[in-house]
Amino acid sequence: MISVFQQHGQELLTGLENTILCSVIALFFSLIIGSTVAIFEVLPSKFLRIIGKIYIEVFRNIPLLVIGMFFYVVVPQYVFPMDGFTAGTIGLTLYTSSFIAETVRAGIQAVDGGQMEGARANGLSFMQAMWHIVLPQAFKYVIPPLGNQFINLVKNSSVLAFVAGFDLMYQGDMIASATFDTFNTYIAVGILYLIITLPLSYYMRYLEKKLA
Amino acid sequence: MKRLRKMLLVAGIFILGGLLGACSSSKTQSTWNEDKANNTITWGVKADTRLFGLMDVGTGQIKGFDIDVAKAVTKKILGAKGKAKFVQVTSKTRIPLLKNGNINAIIATMTITPDREKIVDFSKVYFAAGQSLLVKKGSSIKNVKDLNKAGTTVLAVKGSTSAVNIKKSAPNAKVLELEDYAQAFTALKSGQGQALTTDNGILFGIASENPGYHVVGGTFTNEPYGIAVDQGQTELKNKINKALSEMRKDGTYQKLLQKWFGNVAGFNLKEASQQ
Amino acid sequence: MPVIEFKKVEKYYGKFHALKNINLQVEKGEVVVVIGPSGSGKSTLIRTINGLEEIEEGQLLVNGYDLADKKTDLNQIRKDVGMVFQHFNLYDNKTVLENIMLAPKLVLKRNEAENKETALKLLESVGVSDKTASYPKQLSGGQKQRVAIARSLAMKPKALLFDEPTSALDPEMIDDVLNVMKAIAKEGMTMVVVTHEMGFAREVADRVVFMDNGEILENAQADEFFEAPKEERAKQFLSKIIKH
């Protein structure tokens, strides 16, 4: 296993970089999209509520691989070209944002209704009340489940391997097929994933304690 | 902090344990004895490769030249009642599956290479392929030299020799490796690359179903296909070699070749049957 | 022109008829106390005034805006009509000072210095100026309610609504809150108060509205009402509540 790191360190490093890059981008955008969709779901407008519901049900219930492949092969053919990294990252963002939306919606609904009512009666608009009063309280409730989503996101970024996105898993496949040392290669890849996810998991636990 | 260290220790022990377990489990039994007892040979075959091994979506059965050769070899070895069992593999999974005993032999468009001979044993050549290129009709790419430019992207399949070869033949091109031929061809159609490279037999199979695409530039490598067994399974290997020789002598082999490749335009049967 | 005017207002929750043919006017500077048994529609009535509850039929004019009209901007009405709730509804994630300064900053775009000065003055007038940096969960119920009143006053409203402001308080804290409300009434604020505090009603109210089963049964001058209620149900209600 050490020899895998010695001989293919550069490839693994490239993979690690791409995995982290993809995760960070997907995390950022799925938080924004997920929170927006969550707000759609609690909006007074029935039309937007339905839009939010459809978004969640579609992207939550299609396998990530299918979404990734769709952006890799279908979108470039009919809409505009994009490489595997972009396609995989977009797929991962849409997929994860549907889960984040569900989590954040639950958080919003866990905030006492009096908070919104008090803010509206005080003259704030719905969005002002959401932004300044409800969401900050909702995020406290959702940090533990959100932490799980983030860890899942990092692991799910391995979808890039299937669309030639040069991530950790893809590089692992390359090394395994070049050396035929499947066992040690995937152990090495697994360790590198742990290096990303373990600190994340501990940081989330720390945050949870701090906010409790 | 103390807990973290403990966690890492536990993780380390698990990994170490796994390593040791894997090393000690190298098997010594004869695959041939098992096969004889079960009256069955389990073959690893492709299921996504037209002409060689393709899943018929309607019946759920895999059909192709590799399949027919495997069936014929099985009958020659085990007799008329011998059974051939098929397990779907990809270029990426076939060696691990052979090594861990899930399959007894690989007949899956597998090129005999010195690297592979270090970890598996090959039979005699049963199909002489050569690597070629599939491009969209009207493409400016006519041969492998046209690919050797920065900015061109070639599509290949993970774990195949063609991925390795193309990096040597066209070092300036970017190579993207996908899971299987179906995905690689879909990627070609959606413009993720300008050419798809693999063995000519496979490319002819794809082109025969997709009239907008054709094989160009002839072959630029020799890819002799062999049947692989795990290292040390000499008895099974010898039985397979004997069966292949008999098939060539009694005409079974030529019949199968004609059945699958006789109607493929541009395909050279003689070249393919070279030993 | 009355500040608040109900004209034949009807309100339903599904099949339940919550408000029946409500006609009521509240003039500028008037203090109207709404009383009645629980479930009589008092809270629903007061919540329609700033659009927390929609009405199905009739007209409800607040500062000249018609709440029954879908085109009416509710935020415009809420800017001018403050509300104090039974359960305070302070912003749990904001300090006392931030609670008071948020709406003037966001809605009225009041500048920081003026906003802070107003807020501190209000906190002093309601007697919680030592708690500016505390969070709501660190306050007693009485303190919370006085902060909530200050928060409403910071918007410089034309009218204030109180929905059972002392019902969730421990007895020893009720007077602190009532005293603040009395002081506001003396300054001439238009107020609608739903309460069970008959002492407060007797002392401060200009008019008393008695409700039961979603109807206004009696709408009288306060002194007249307490001396001789005309309605039998009002009499029964008063005798019960005063015994306690």
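By letter and in written order, the chains are A, B and C; residue numbering begins at 1 in each of them.
In this section, a residue touches a chain if its C-beta (ideal position, glycine included) is under 8 Å from a C-beta of that chain, and two chains touch if they have at least 3 such contacts.
All figures in this text were calculated on a predicted structure; none of them were measured in a lab.
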Practice problem: When you average C-alpha coordinates per chain, which one falls nearest the overall C-alpha average? Tell me, please. | Solution: A
Self-check item: Chain of greatest Cα-centre distance to chain C
Solution: B
Quiz item: Whole-Å distance, chain A centre to chain C centre, using C-alpha means?
Solution: 46
Quiz prompt | Chain centre separation in whole Å, for chain B relative to chain A (CA means) | solution = 36
Exercise. Round to the nearest whole Å and give the separation of the Cα centres of chain B and chain C.
Key: 80
Exercise. Pull out every residue in chain C that's touching 2 or more other chains.
Key: none
Exercise. Note the residues in chain A that touch 2 or more other chains, in rising order.
Key: none
Exercise. Show which residues of chain C lie in contact with chain A when the two form their complex.
Key: 50, 52, 74-75, 78-79, 82-83, 85, 87-94, 102-103, 106-108, 148, 151-152, 155
Self-check item: chain A contact footprint on chain B (complex, rising order)
Solution: 4, 7, 11, 15, 18-19, 22, 91-92, 95-96, 99, 115-116, 119, 158-160, 163-164, 176-179, 183, 186-187, 189-192
Self-check item: Complex contacts: residues of chain A adjacent to chain C
Solution: 112, 114-115, 117-125, 128, 132-133, 136-137
Exercise. Mind listing the chain A positions that touch chain B in their complex?
Key: 1, 69, 72-77, 81, 83-84, 162-164, 170, 173-174, 176-178, 180, 182-184, 187, 191, 194, 198, 202
